[in-house]
Structures are given as C-alpha cells and as structure tokens.
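In the two complexes below, chain A is the common chain; its partner is chain B in one and chain C in the other.
Showing the complex of A and B:
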C-alpha cells in the first residue's frame, strides 16, 4: 500500500483530503505542523506528499526545499495546494521542487486523480 | 561769449584811442601834444596788450581745456571732467559740461550694471532650476549672486512649519567666514524681529550702517548689529505654496555701505527668483509625497486583496470539498431533493469562487506591477484553444462554436496567459448568452499593423441603453440577469483592462435578440 503524507494546517481541509485519499486505498498520515511532517518524511520517506503552501509555522515552499535537499526525499513527488493562482506563485512552487499543484478551492476528486496519475507514472 | 565781446570792444576802444592820439599829435604838431599823444598811444597799446593777455587767460585757455575735455569724453573717457576756471561764462560752460558728463557716466554705468544683473540673474536662474531640492540648489545660486552684490554673506531664511524663520542656505565670503571674524549667528529672537518687520514693511529693508547715529532706533539695524553686520539688505520672499514666507539677507561686514538702487533692485529680483524656485521645489516635493503615498496605498491594496482572497478560498475549499463528497455519495445515498438542494449550494459556492478569482485578477491588473510576461504569441492557436476548451460545453447547450483562422495571421506581442484569458472570457460570454440553435463564430484577420479578433454570436444581445456601461465593474445587463445567466459582472472589465495593457482596443456591436459582435484589435508583433 502506498504511503502518503498530507501537510495542511486547516483541519477541515486536512481531514477531507485524508478521507478521500484513504477512501481510494492509500495509507495516509496527516500533519498539522510542517516541522513534524518533515521529520516523519525524513525518518521514513513516503511515496508522495500533499503539501499546503500557506502555513503559519513553516511555508510549504520551505518544506519543499528541505525535502528536496535530503537524499531520502530528493525525488519524492510533492503536490502543492495553493490559494494563489498567480503564475509567479506557481513558478515559485515548481522552483522549490513541487511536482504538481492544485488551486484552492480544488475538487477532492480532481486531487485524487492527480495523485493517482503521478503514482502510476512513478511506478 | 559776452565776456569775449566786451574784451574785444575794450581792445578796439583802447586801440582806437591810441591811434586817435597819434593822429591828433601829428595834426597838432605841438611837442607837448605829441608827447601826450604818444604817451596815450603807448598806454592804449599796453592796455590792449593787457586786455589781450587777460582774455587769453580767462577765455581762450579755459576754452581750449574745455575742448580737450570734450574730446576725452568723446573718446570714451567718461570720468573726464573740465576745470571750472576762467571767466564766469566759461566756468558756467565747464559746469554744464561736467553735469552732462556725470549724467552720461551714470547712465552708462547703470546700463552696464543692468547687463551684469541680467547675466547674474540668468546664471542664478540656471543653477536654481538645476535641482528641485531647495537646500541643494540655493548655496550654488547664492554664490553666483554674492560677488555681483559685493556681499560678505548672503543668507536665505525660510519659515518652517511653526512659522519660525530658519536659515536654509547661506554663502559666506572667506573673510567673513574666519572664526575670529566679526560675524556671529543671528539669534532666533532677532530672526523673529526681522520676520515681523519684513511682514509689516512689504518692501526691502535697507540698512546702510548699523553703527550710524540713530541706528539704535531701527530694529533691523540692531538685529544685524547683534550679528556683527555693518550694512544689510533684506528682501522678503513670498512663496505661494503653503503661504509660508522667508527672507533674503545680504550682509556687508566691513563697512557702512550706501546700497545703490541697482543693488537693491538686483537683490529684489534674486529674492523673487528664489521664492519661485522654492515654490516649485515644494510643489514637487508635495507631488512626490502624494505619489509615494498612492504607491504605498496601491501596494497595501494588492496585499490586502490577496490576503483576503486566500482567507476566502480556505473555507470555500472545505465547503465545496465536503459538498462534492456528499454529492458523490461518499457519506451515504442522497434523495433526489437533497441532491438538487446541494446542487444549488454547489453552484453558488462555485460562483463565489469565480468572483474571488475575478476580484484578484482586477486587483492585480490595477496594481502597478501587472506581472505581464511579454513574448510573441501566435494568433491561430489562441482561437483554437478557446474552441477546444469551450466547444464541448457549447455543443451540450446546442450552440455551434466555429473558428475561422489561418496560420498566416501572425503573432501578437503580449502575455500568452492574459491573451488566452481574453479569448476564453469573450467566447464563454458569447456561448453563455446564445440560446440553443444559435452559433458563435470566432475569427482573426490581419489589418496592416493590427490583428483583429472577432467573436460574433446570435445571442440575446445587450439593450442599447446599457451598452455604454458594459465595461464597468459589476455591471450585468438586465436581460442577462433576467435569463439567470451566471456571472460576476467582472469579466468584460477584466478583458478591457487586459486589452488596454496590450495597447489594443475593444469594441462591441450588439442588437437585442439578434446578436453581439465583439472586436478586439491588438498590435501585431514586429519581430516576426
């Protein structure tokens, strides 16, 4: 079973995403605090990370850079959740190492299909 | 000339007397008579000689000198003056000539001074207008003026925000600058006195000698004396901006100075120039400050709008996400009514989402930094993308969407994403307002330096009286509202802003119940 990390500070969105991904058969670990999530990811690298970009404790871009800097998570797929649709923000996300992104408000169904697509490509 | 005439008459008379005496003596032929006659003749001749010599001394020599003086004057020696000697008439003549020469010299000097003033003023003007920073430009300008005024120090004092006179610029001669020199800074008290006097007098204050008898009764003289100044000129500066005022003060440290009217006039002219320059600089500073504030405000607005849009999107994500989950039956099956009710919630949630998108777009377009990524954008793919994206939806509604474009239409210089947005907005509008059975035709053609894009529909049209307001934000036509067509009323205002940002033009022709044609003209890319 593929293991996914969901890092999102908003509890409702976190639970929604975790629910949908679990429903289609992934093993999901959800984190509110990005620092704990980075630790967990480095301890045991997941198959994919769903990452919110705007979090108070640590920005999603920073999380992305940290994961990319470590050999264990250097190529782990990362899907960004962003509230900003501006090209500059998306570019920054890709520059930090994101694999894909969805813009809030996103359809949970669409997020699941993107995750599926990325993991099937990786397999 | 009367003197001369009298002298000649006298000489003639005496000579005549002499001659007559000789003639009488010859005729009488008496020895005594002859002697008398001869003596008379000698006396007469001697008298004539004396008269002639006196004439020479009193008349001829002074006249010669006068002639020489006139010659010197004519040769340009304006300082030449005649000696007032000789006979009364000649003296009078010399006095007249001297008066005439003095007037000529005075006139010539004043003309020269005026020329010098003009040159000084224009040089100063050039320097004063070289910068809009008052405190930077003034010392330079004062340095130009000071030598012409032969001043030891020239200072500009301006009222600050509290109405207190402050020295903003000064030029000081090396001698006056010496630390053990006679000059001392003017105290605030005396500056205040000068300000009051200037405000009352409205004319230049002229102090020839601060040590002259009676100067202690003149407050201005006492003020300058306190600063070790012997003579001073004070001209008011009247600036229009802020209504604030100031003073141009010309100092002479070394001695009493009878200021000439040219110097006073020059100082006044300088004061006027400075007042104008200070006005300009202050107006510019105010302008700059307000521009800066607007920029700050603009930045704040952009930050605010993106923060708000983020804050709105987060709850909307939960609302729409959980709704989707419910409607997908993830939490159990729903009745038909429940599905329909949640459908309405979802539609309105999505409407809210696009409203946030559009608002964010408007805010971005209105901020100074458009974030435009400019490149060469091919026209044909723009149209085909719009058809690909919106064709299936149009078909579902029973509307034919057709694009007629050839690849040789060319390229537009602009931001590809923004131009795509223009096309998508216009085409989706056209599809949205066209009833089933209608059609939407999009096309592109080249017209010299322009690419003309057209989106023509057979839709409901826009009422004539509402057409002028089409590009206003949040404007929605009455028939669109009546048809319950979804929309935020921001689409066309965004399109207009995007077209404007591309130096293009947009126009709309519409007939209610017949259709609408939107035409966008954009400059063709020159590099392709």
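Showing the complex of A and C:
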C-alpha cells in the first residue's frame, strides 16, 4: 500500500483530504505541524506528499525545499494544495520542487485523480 | 446625624450591587465558556461525519442533526463551502438546502439586520445560489452601508450570473472599491464579456475604465475591436489608458494602429506610456522607430516605458537600445536600465 503524507494546517481540509485518499486505498498520515511532517518524511520517506503552502509554523515552499535537499526525499512527488493562485505563485511552487499544483477551492475527486496519475507514472 | 445613618447604608447597598454585578459577569463568562466548549465539542464530533458526506455519502444522518450537533454541521458545512468545488461543493449545497440553512439565509437577506444580511450574503455567494441574485442586486443598489454593498458585490461575483455586471459597474461610484468590482466581474468570467463590451461603449467613465481593464485581465480575445475604438476615441483618458493596457495584455493585432497613434505628443503621459508598454508586450516590430524616438522624450515615465518596450522587440529593439546607450545622455540611462532588466 502506498504511503502518503498530508501536511495542512486547516483541519477541515486536512481531514477531508486524508479521508478521501484513505477511501481510495492509500495509507495516509496527516500533519498539522510541517516541522513534524518533515521529520516523519525523513525518518520514513513517503511515496507522495500533499502539501499546503501557507502555514504558520513553516511555509510549504520551505518544506518542499527541505525535502528536495535530502537524498531520501529528493524525488518524492509533492503536490502543492494552496489558495495561492497567481502565475507567480505557481512558478514559485514549481521552482521550489513541486511535482503538481492544485489551487483551492479544490475538487477532492480531481486531487485523487492527480495523485493516482503521479503515482502510476512513478511506478 | 442623618448623613451618619444614610452614608453607611448607601455604601453597603453599592457594595452589594457591585458584588452582584461581579457575580453576574463571572456567571455570564462561565455560561459563555460552557456554551463555546459544547459547540467546539460538537464541531469535533461532527467533522468526521461531514467529511464522509463530502467524500462519500452520509447525508441522511446529517440531515436530521439538531441542537448543538445541527449547528455544528451547519457551521462546518458553511466553512467548507468556500474550500471545495465540484461534486463536494454540490453535496454541501444540497445538504444546506435540505436543512433549510439556505432558505433562512435568503430570508435574512430580505429582513435581517446589517451583520445578519452580510453573513447571509457571504453564505449564499459561497453556495453559488442563483435564486438570491435579485435580492443581492437590491442590496448592491440600495442605500445600505458600504460594507454590505461590498459583501453583496463579492457574493454576486461568486455566483457568477452575468446579469449582475451592470449593477457591479454602477456600484463603482457608490462606495464599492474598483478592486472588489473587478474581482467580482472576473469571477463571473467569460459570460460577462458581452456585457463588459457594452459597458465599454455606453457606461459612465469609471465603468468604462473598469470594463476595459477587466476585459484584458479576463483574456477576452474577442474584445480587440472594442478596445481599439476606446483607445482611439474614448473621451476619458483613464479609459484610453486601461484599454491600451488590455490591448497589450490580449495581444490584439487590430489595436496596433490605435496604439501607435496613442504615442503622439498630444496624448497624456499615462496614455503614451501605456501604449508603449502594450506595443512592447505585443512585440510589434513596426513600432521600433516611434519607440526609439520616444526614448529621447524629456518625460521620464514615457521614455522609460518606450525603452522597456524596445527591449521586448527582439534583436532590432536591443540593437537600437545599444545604439542609444552609446550616444549618452538621459536616453542612454533609459536604454541601459531597459537592457539590464531584460537580461
């Protein structure tokens, strides 16, 4: 079973994304605190990360850069899930190492399709 | 004697009153805290069930939730509305409709107090509730507080009915900021184009300027002719500037002649700068000669815009900037800055 991390400070979205991904057969660990999530990812690299950008403890871009800087997570797919929808924001997300970029408000079904597609390409 | 008897009694009464007030305040705080704790617990209890509804199906159970649980479901669903789209959004709207939440909000829109109306408008906007468009238009046009009109404008944008465009543009002169109006019209998107083009021809000056700007931001590629006409003939300079900026953003070839004419010295500095920028953005190589002349203008904003535009015209434009750099003087400074920015 593929293991996914969901890093999101909004409890509604975190629980929704975690539930939806669990529902379709993934093993999901959800984190509110991105620092704990980075530790967990480095301790046991996940197959994919769903990552919010605007979080108080640490920016999602910073999380992305940290994961990319570590050999264990350098190529782990990262899907940014964020309300930042400007072209420049998307550019910054990809520049930080994101694999895909989903803008809020988002469709949970579409997010699952994107995750499925990324993981099937990676397999 | 009388004072000696009365004063202690008054002091005692005041002390008792103060004590009672303190006790009432403390009791009130305790009660409020208990209610809030109960509500938070209900939210924590109901969230997983709502998540299941949005991700799967548990509608019947949630539909009949009452009391603290029911209020928690309504609150959670209302908060989630703005965070999801597609099937999840539709499921939430259906649930809120079935629970009577949207009907209550529509009633509050008509008869509520200020804050109640604003909250109702926010909810109905987030629910994309087309049935409330007439009421929201009434709020937008009415003599309500500016904040309420702004909330109505945002809600109309989220609902996305193009019928709201003229009222949104009219609201410009009545306390709703251009930013709020522009965002609302942009959210309406392509269906708003036709009405925006009409506004550009016949609206008031602020509405024409905003229509011109939004047509560009919305990527309304069919608006090229209307923008070209506005650049050439609109009596208001701000409209001409907005139209020039949008023509450049859209890359409208039919606006090139109007943009070249707008470089003329009798036009305002803002128009000339906007036209230069648009020609650069569109990489109109035929504009190289007039833009080169403009870099020599004493007006810094115009000369700088012309130099930056030249930098976007490919090898010919860059060669002209290098030649200007060699010639020295103020044009050389503009040329160097433009080349530096383009590097």
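By definition in this document, the second predicted complex is superposed on the first by the 123 of 123 C-alpha atoms of A that agree within 3 Å, B and C clash if a C-alpha of one lies under 4 Å from a C-alpha of the other, contacts with A are read in each partner's own complex, and residues count from 1 in each chain.
We take it that contacts are C-beta pairs under 8 Å (C-beta built on N, C-alpha and C of every residue); 3 or more make two chains touch, one makes a residue touch a chain.
Source: prediction; values computed, not measured.
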- [ ] Report clash or fit for the pair chain B and chain C bound to chain A in the combined superposed model.
- [x] clash
Open item on the list: Contact-wise, after the overlay, does A:19 reach chain B, chain C, both or neither (first, second, both, neither)?
Closed with: both
Open item on the list: So in the superposed three-chain picture, is A:105 touching just chain B, just chain C, both, or none of them (first/second/both/neither)?
Closed with: both
Open item on the list: Which partner chains sit in contact with A:54 here, chain B, chain C, both or neither? Use first/second/both/neither.
Closed with: first
- [ ] Using the superposition on chain A described above, determine whether A:36 touches chain B (first), chain C (second), both, or neither.
- [x] neither
Open item on the list: Pick the chain B stretch that clashes with chain C in the superposition, from 129-137, 345-353, 399-407 or 435-443.
Closed with: 345-353
TODO: Mind sorting out which residues of chain A both chain B and chain C touch, each in its own complex?
DONE: 10, 12-13, 16, 19-20, 23, 104-109
TODO: Give every residue of chain B touching chain A within the complex, in rising order.
DONE: 306, 309-310, 313-314, 316-322, 324-325, 328, 330, 349, 353, 357, 360, 364, 371, 373, 417
Task: chain A residues touching chain C - in the complex, by the definition given at the top - done: 10-13, 15-16, 19-20, 23, 104-110
Task: Residues of chain A that touch chain B when the two form their complex - done: 10, 12-13, 16, 19-20, 23, 54, 83-88, 104-109
Task: Sites on chain C touched by chain A in the complex - done: 47-48, 51-52, 54-56, 76, 79-80, 82-89
